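Just so it is clear, A, B, C, D, E and F label the chains in written order, and each chain counts residues from 1 on its own.
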Amino acid sequence: MSRGVFVGRFQPPHWGHIEVIKWCLDRVDELIIVVGSAQESHTLKNPFTAGERIEMLLLGLRDAAVDTSRVMIVPVPDIAMNHVWPRYLEMLLPRFHVVFSRNPLVTRLFTEYGYRVESPPAFSRGEYSATRIRSLMLRGDESWKRLVPPSVARFIEEIKGVERLVTISGRD
Amino acid sequence: MSRGVFVGRFQPPHWGHIEVIKWCLDRVDELIIVVGSAQESHTLKNPFTAGERIEMLLLGLRDAAVDTSRVMIVPVPDIAMNHVWPRYLEMLLPRFHVVFSRNPLVTRLFTEYGYRVESPPAFSRGEYSATRIRSLMLRGDESWKRLVPPSVARFIEEIKGVERLVTISGRD
Amino acid sequence: MSRGVFVGRFQPPHWGHIEVIKWCLDRVDELIIVVGSAQESHTLKNPFTAGERIEMLLLGLRDAAVDTSRVMIVPVPDIAMNHVWPRYLEMLLPRFHVVFSRNPLVTRLFTEYGYRVESPPAFSRGEYSATRIRSLMLRGDESWKRLVPPSVARFIEEIKGVERLVTISGRD
Amino acid sequence: MSRGVFVGRFQPPHWGHIEVIKWCLDRVDELIIVVGSAQESHTLKNPFTAGERIEMLLLGLRDAAVDTSRVMIVPVPDIAMNHVWPRYLEMLLPRFHVVFSRNPLVTRLFTEYGYRVESPPAFSRGEYSATRIRSLMLRGDESWKRLVPPSVARFIEEIKGVERLVTISGRD
Amino acid sequence: MSRGVFVGRFQPPHWGHIEVIKWCLDRVDELIIVVGSAQESHTLKNPFTAGERIEMLLLGLRDAAVDTSRVMIVPVPDIAMNHVWPRYLEMLLPRFHVVFSRNPLVTRLFTEYGYRVESPPAFSRGEYSATRIRSLMLRGDESWKRLVPPSVARFIEEIKGVERLVTISGRD
Amino acid sequence: MSRGVFVGRFQPPHWGHIEVIKWCLDRVDELIIVVGSAQESHTLKNPFTAGERIEMLLLGLRDAAVDTSRVMIVPVPDIAMNHVWPRYLEMLLPRFHVVFSRNPLVTRLFTEYGYRVESPPAFSRGEYSATRIRSLMLRGDESWKRLVPPSVARFIEEIKGVERLVTISGRD
């Protein structure tokens, strides 16, 4: 049995993430999705809690008919020691054999630690980007809803996620 | 959809845990299993890493033919603030509606925080106990293997878990 | 008896803070003033220690003839978990019933946590601002002294606060 | 103006504490009461949160007609570095000139750091002891109520403090 | 060039440590001595600060005419994650090729991480033991001075180390 | 015997550092070199681990024929409390009598704490600067090699340090 890891912050999860996850699941039997910076929320860069991000990932994967029984989602708080970080993940996760990442730091850290790292293709990277989605939300441009699975859009409405982002962008 | 939480340290997972998990799954659609003290390993009380404990839980649940697609397993490092701990879990986990626990501290903390807490029955508590299993391991008594699912016993052999426990019990 | 909380960093305390505190004391019997980021000092944004800030608050409130027996001042170090922060304050403080804040993040966090949040008026916000005071100090413009109570200005002179700010703004 | 510091955990505050505080207030103009181990609660040794302990101290001091305008109560979370601890307190507190303590570690740390430390008399130490109070509570012996100010006893009843202690003393 | 690591707490350094260090220096060109639990001091088990322990090690090695230019002494604060600890050391230290240890946990952790671990002989273990030295100090038995190099004994007298230990053993 | 401290991040060590260290060694018998931000690595500002930085310092000092038996190199992780930082260093290091620094914050913190601080001359500061070296590395300009001792340049090549820096500067 093969197991891979895919690391992201998922602020919020979007179609690009879903495509990458499907691509990974073509290559391994089980995929561990690490929800990084799990301690962060309520900031412009990290508006959603780890729990909310996990819930959105589950909803998005179901929208896309992904077999979630082959997926494990794990929130991981940061530790401020890059060199140590891959071993910290190893401590928290079931054994894995490959790391999927386009992030240069993640790639470098796991390569130096001795893991095989594979780079998924950039599924419409320009379009599907969490940074772009948050920026549309802040501008009041509802087109962000096309960039995420429909259940994710509904979830964000339900928890008043856009309102949260707009509020915390305000000034004292 | 209803979702519950069950918290444990699972050092190691045994038949008692499996029974409780099945009991919980009769009451909720989805169960989040929190692997607590996730930063701990290689001590007499916490010999296994969180990753190893997750792997053993998955193996044990499959031995027991539990539908793991209804289960989510999440490693959670301790924070040293009891009053804050339920909210910390809330930050890390998808929303849940009930907490299953026989642990007095967990019960108290979540009750004070306003959650419904249910106490699963004590499935042969005297027999199935992680403390007892670790103590049998230390004495070289192989009867511990009957107290855990067979795949868990095999996993512990594979990672030389008993040897680890015996080694770290040694003196300088 | 009613008790409220007012959160700030007070780098340094100025007449605007004093006005807000008086406004709050018109609405509650007791006011807890939280001196946030209590671990910070000796930076451009946070030049003063929590202890110095508490001392300045006490001096300023006495200058303004505020009844300090109705005020409690509490230094609170940051925790890097926004979702958890209101409960962390709850752990450290006597029970309170209302939060006074114009800060969007504080407002949002306590509102989501279920507290009533009231927004004090912006007493000459453009003029009385700690950011502006620190910037006048750095430029050697003594007009900052008019923006803080006289005892606060004297305290800052006594501890050579402006010299500290200017020194740490220097380059290696 | 003279200012002193008195450090304790106050689990819970009792008549012995009140006597010491009065003794200190005979020697200094202002007294800072540090509520130590402020992150701890819901354990056998530290059942109450820092906020609860502050509230009880205020109630007890009022029962004893102590002038609370001369008292400042500050919750202080532990840092795990004894040598550094006095300077950490210095960072969080207004300047002080003397430390009151019967605790050998506190006495030693502040003496080595260069502070004057004075030892208050042991007001009926055998009788008034937080350890003894918690142990009476656990045994269901209501005589603990005589050892604390009446408002403190009422507060503990109101928050179901004895029930909390008994609950968390239970076994899994 | 070969480099080894020797880990200890050195509370305080004694002749047994010196013998082990000499034994190690017969096997490698350079030896890194890790002073563990560097954040600890002023407790019965860890009375001395990391800085004091480093100073004593230097004095003791000079008493024993060890070539200190081949030795590097490094204080290392604990991290509460055993699985991660060897990589944390790797982050802080120059590259090393072998670990010298009689401590079962250190041995196990570095062996699992893939390092060669060698066990130095137990030079009069019964006699030379830091636990025994601290216990003699507490009893007022001056024979501990024979168990440490003479400069170490003088250093402990100079910093009033025995008085510190006796003081903190006192009761509130 | 006199002992001084010199604090830096050494990302990477260069000829300017070596000159300062020689200047310090003309003034004290022993010099403690503190490798600050020891937890950091694999970032644009802090590409190298503390261990790598120590190794480079040793190599560079040997290139410059500095007597390393008079030098002690100590990695020190940050603590996020400036006021407390000098005492934290005091906890970790052998006693020292003077601090050498051109850094305004270090100078201020140790002066306020009561230490003598001396400012070494700025040996060709414009030329020898770690910031400039990292920026040349990122541009692929090999002239950085003239700014560091030859063994340091070789070490950086051996560990593929420039490749690391370039990789982590990449975008997701």
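Assume a contact is a pair of C-beta atoms (placed from the backbone, for glycine too) under 8 Å apart; a residue touches a chain by one contact, two chains touch by 3 or more.
What you are looking at is a predicted structure, and each value in this text was computed from that prediction instead of being measured.
**Q** Kindly list the shared contact partners of subunit E and subunit F, in label order.
**A** A chain counts here if it touches both subunit E and subunit F, which gives A, D.
**Q** Which chains, if any, touch subunit D and subunit F both?
**A** Touches both subunit D and subunit F: C, E.
**Q** Shortest hop count from subunit C to subunit E along touching chains?
**A** The fewest touching-chain steps linking subunit C to subunit E number 2.
**Q** Have a look at where subunit A meets subunit C and say same if over half of the interface residue numbers show up on both copies, different if under half do.
**A** Because under half of the interface numbers appear in both copies, subunit C and subunit A meet with different residues.
**Q** Suppose each chain is reduced to the average of its Cα coordinates; what separation in Å results between subunit B and subunit D?
**A** Taking the average C-alpha coordinate of subunit B and of subunit D, the gap between them is 37 Å.
**Q** Between subunit A and subunit D, tell me the centre distance in angstrom, where each centre is the average of that chain's C-alpha atoms.
**A** Centres of subunit A and subunit D (C-alpha means) sit 46 Å apart.
**Q** Spell out, as numbers or ranges, the residues of subunit F touching 2 or more other chains.
**A** As it turns out, subunit F has residues touching two or more other chains at 39, 41, 49, 81, 83, 90-91.
**Q** If I apply the definition of touch given earlier, which pairs of chains qualify?
**A** A-B, A-C, A-E, A-F, B-C, B-D, B-E, C-D, C-F, D-E, D-F, E-F
**Q** Touching subunit D in the complex: which residues of subunit B?
**A** Listed in rising order, the residues of subunit B that touch subunit D are 80-83, 102-105, 107-109, 112.
**Q** Which subunit E residues qualify as touching subunit F in the complex?
**A** 38-39, 41, 49-51, 54-55, 58, 68-69, 72-75, 77, 90-95
**Q** What part of subunit F is in contact with subunit A in the complex they form?
**A** For subunit F paired with subunit A, touching residues are 39-43, 49, 164, 167-172.
**Q** For subunit B, which residues are in contact with subunit C within the complex?
**A** 81, 83-84, 87-88, 90-91
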